[in-house]
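Note that subunit A is present in both complexes that follow, paired respectively with subunit B and with subunit C.
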Partner chain A sequence: MRSKQRTIKTSLLLAGLAIVLLVPLLLGRNQYHMVLVTTVLLYGVLATAWNIIGGMGGQLDLAAGAYLGLGAYTAGTLLLRWNVSPWLGMIVGGLVATGFAMLVGLPLFRFGVKEVWYALSSSALVEVLRVLFQMWEEVGGPTERYLPYHVSSWYHLRFASYVPFYYILLAMLLIALFLNVRISRSKLGYYLFALGENEDAAEVLGVDARACKLRALMIYAFLVGAAGGVYACLYGFIHPNFFSSAMSTETAILGIVGGMGITYGPLVAAVLLVSFREFLRASLGGQLEGLYLAVYAVILILIALFRPQGIATFIRDAYGKAMSRLQVTGEKDVVSADSPGL
Partner chain B sequence: MDTIIQNTINGALMGCIYALITLGLSIIYGVMNVVNFAHGDFVMLSMYFTFWVGTLWSFDAVATPAVTFPLLFLFGIFAYYVLIDGTLRQKYVTQIAVTVGLQTLLRALAQMIWKAQPRALPYSIIQGNFQVGGITIMLSRLITAAVSIVAIAGVYFFLTKTWPGRAIRAASDDLDAASLTGVNYKRTYALAFGLGSALTALAGGLLMSFQQVDPTMGLRFGLLSWCILALAGLGSIPGLLISGVIVGGTEALTMSLWDPRARSLIVYLIFVLVLWLRPRGLFGRK
Partner chain C sequence: MSSQPILQVYDLTKRFGNLVAVNNVSFHINEGEIVGLIGPNGAGKTTLFNAITGLYTPDSGRVVFKGVDTTGLLPHKACQLGMSRTFQVAQSFTSMTVEDAVRVGAYNRCDEKTVAAKVDEVVAFCDLEDIRGQQCGDLGLAPLRRVELARALATDPDLLLLDEAGAGLTPTELAGLMDMLQRLKEDRNVTLCVVEHVMKMVMGICGRIIVLDYGEVIAEGSPDEICTNERVIEAYLGERAVR
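Up next, the complex of A and B:
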């Protein structure tokens, strides 16, 4: 029975992967649809990475924009100044973001800044970086800096279409999901879940809160920073507004309404909500500025109020139900709807 | 040198309004332990209401709270029953998700109704400035600061001397014990939330007498008021005023000594340092 369940799970995952891989073939001709799926993937990467520190560890990080911007500026500046390929640049960008996260995280966790105060100080961090990069003329400055223009170049990560970006971000998403699954099954993951449930209790039981949170923060920062490198190439410029608090809060919100600590939760939220938001923007945006955002906000509030465990729990429940229906005749006790990860 | 002192004084006077805004937040967070991420956007909303009342009925900005104060009070009570009440028994993350949603909603509504360009009221009766030993002080700042201080004192009186105010403080000390002595927690909480948001109406009216408003203002006011709250700590109203003045003065000093764009950077730095070194604030009780 167990093995049958596993076969179904694997085939479902493979089928899903096949569909996702084929998306550009189906939509490749339509630029708008490609922009849409690429945006969804970008948010998917950010929110899935956020799940490590936020969802599992319970630390409400609102600094995704800071790490994204650092990654974008690192990759962009390396390319502009020294003609370093963004392929390398995004790795370096991830490392810069990681180093910065360590610099910020060490004292924050050392002095036990948590909950709302952690959220607020991370939110302030985004604003601080945005202003600093506005004033730092050598690298940033108040106007955008365009990356070297090429019609199509693998070295410069410039393409005439969105399809290559789709695959790059998809690869990042798979890496982020893989890391989520690995961590959630490791000691670090169990410690993080314990911290997310009740930090004081976990510490009493011997969890090294500081080290665990710092490691989770650094992994998250690396993923977001690397995504920042791609982000810069996707738009073809770097600008201080990449340090965006709106994007940071949205990342966290997607992680929360998706389902804290559920591996695929943030991704589900990104797929459903970001595409819904873009659909609203396309259909309502022309009529009244801000209307789509208002509708979107109401949806977010409703989810947070009426499904605080996250929308991914709908899928989990449905999956559990389908599985138990498959084996009504078999043993009943093997069904565990809430196995960590998919 | 004179201009620096002058700017700092004006900034410190501005800080009194910040303290008034933070007082609302401190009632909401201190009493109900509700994390309201939308507080700065309440200020933004108040400023727009001020703009509306001011242009429709040609009220002076300083007089508009007569209308906007009750309006925001009702808005706060409405928001409490519709949004906050359901999250009280949830994790704080849910609360933040809901209030961040509210923040997005308010910003979007402001954009829809008042468009993205900044709005300002034509003029206020408080105009001009006066000289003290070579230093020019703006009359508008001085009067708004005075009004803020009076309002803060009024709230202090309300919280310490009247029954509903003492119920609020009792609930913030020990909800269970307060409930046993007959405090209805839902009504008390709704009152606290209403009062917290009504105070932003007052601040909005004062701000609009010399400033314009745009839909993205909420972020700055929100972060600033949390900074002041962290600096002051919970439970001390005079401490709030001092912290507000420190923050306002620091902002002005940063702008005149370093760079106008860096306005809030030093404040955020102080914020983070206070969180590290003195989590209960400078004046807070344990």
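Up next, the complex of A and C:
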């Protein structure tokens, strides 16, 4: 039975992947639709990475914009100054973000900064960096710095179309999802879940809270920093506003609304909420400035009220129900789905 | 059975502002013992536990575990040395399943290859087979306490500190817990220190009892000696216990 379930699961995943791979063929002509799906993927990467520190580790991190900006500036500056390909730039960007995360995380976790205090501290990082880069004339400054224009250059990662970015971000998303799955089934994952639930209880069971949180923060920062490198190329410039508090908050919101600690939760939230928000913006934007934000906020409140465990639990429940029905009709002499050792 | 001390506490003091919660407390626990720590509410029992296991840093005094000075050591380090504990108010991993919660503890001594076997073993020992797939948040008090015990046990401790593990249990559940603790001592050679208000349990399993009042040790001895000690009766047990 297990093997049959696994076959179904694998085929569902493969079917999903096939559809996602084909999206640009269906929408490729329409630039607006391509921007939309690319944006969804970008938020998907950010929120899926956030799941490691926020969803599993329970740390309400609001600094996605800091790591994104650092990655973008690193890749962008390397390209502008030394003509280094953003392919290398995004790796270096990820590493710079990771190093920065370590510098920040060491003292924060050492002195036990948690919960709202951690949220506030991480949130402040974004603003601090934004102002710093505004003043740092050599790489930043208050105006945009444009990356060299190319109609289509794989070396410079510059394209006149969104389709290549779609595939690059899709690859990053798959990497982020893969890392999530691997971690959640490893010692680090179990330790993070325990820390997220109850730090004191976890510590007396041998969990090194500081080390675990720091590792989670660094992995998350690397993914977001690397995505920052792509972000710079996608928009074609770098600007201090890349250190965005709004984007940081939205990343955390998607992670929470999707379902804390559920691997695919943040992605589900990104797909549904980001496209819904863009749809609202397109349809309501002309009527009243900011109306779409109000509607969007109401939706978030409704989810918080009626599905605080996250919207991904709808999918989980439906999947579980479908599986058990399959079992009842399929084979009669099997035990329940979650009985161990089958 | 050896009588080597596994835990030695010297002149331990912990203050909260002007309140001295634990005042110059010294005692030791020998390998293979079951020691009871009793005293009225607010006597400093839980604070003492917290200071021993590293959740609090003591203001003065020393804690020596298996010959190593562990004063002020972080809780996870103490656990790696072989000391674990449970909490008075069950601190559960609400959204984790029973076996996942046990697995967190099991990782203390196991790697990815051996961890599953350890979980199976502890789940069987603590009689959690039937509920291993359930979420901790859905459990009642008695099974929740067993899960907490299992979690701590999975870390393979040499010394286990139990903070009111028997509180709120029915007589049958209590008998089961006492039996489990006896087996822990005999089959696994785990040394136990129990903070407890349930006298039936303290008198039933403890070889030695230490009594705390206002942060100080007021008596120490066998259950019989404690039952007849004037100061203990006055501070804690009351007149009836004498008869």
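Some notes on this structure:
Keep in mind that, in the parts below, the second predicted complex is superposed on the first by the 328 of 342 C-alpha atoms of A that agree within 3 Å, B and C clash if a C-alpha of one lies under 4 Å from a C-alpha of the other, contacts with A are read in each partner's own complex, and residues count from 1 in each chain.
The rule we apply is simple: contacts are C-beta pairs under 8 Å (C-beta built on N, C-alpha and C of every residue); 3 or more make two chains touch, one makes a residue touch a chain.
What you see is a predicted model, and the numbers here were worked out from it, not measured in a lab.
Touch criterion not met for A:Val35: it reaches neither subunit B nor subunit C.
Touched residues of subunit A were counted for both subunit B and subunit C, and B has more of them. Once chain A of one complex is fitted onto chain A of the other, the partner contacts of A:Ala201 are limited to subunit C, with no touch recorded for subunit B. Of the two partner chains placed by superposition, A:Ile175 touches none, neither subunit B nor subunit C.
In the superposition on chain A, contact is made by A:Trp117 with subunit B only, not with subunit C. In the superposed model, A:Ala209 lies in contact with subunit C only, and not with subunit B. Of the two partner chains, neither subunit B nor subunit C is touched by A:Val84. Touch criterion met: A:Tyr190 reaches subunit C, while subunit B stays clear of it. Residues common to the contacts of subunit A with subunit B and with subunit C across the two structures: none. The part of subunit A that touches subunit C in the complex is made up of residues 186-187, 190-191, 193-194, 197-198, 200-209, 261, 338-340.
Contact residues on subunit C toward subunit A in their complex (touch as defined above): 53-55, 74-76, 78-80, 84-85, 87, 91-96, 99-101, 103-105, 107-108, 111-112, 115, 132-133, 151-152, 154-155.
For subunit A in complex with subunit B, the residues that touch the partner chain are 58, 60, 107-108, 110-113, 115-117, 119-121, 123-124, 127-128, 131-132, 134-135, 245, 249, 252-253, 256-257, 260, 288-294, 296-298, 300-301, 304-305, 308. Of all the residues in subunit B, the ones that touch subunit A in their complex are 35, 83, 86-87, 90-94, 96-98, 100-105, 107-112, 115-116, 215, 219, 223, 226-227, 230, 259, 261-262, 264-265, 268-269, 271-272, 275-277, 279.
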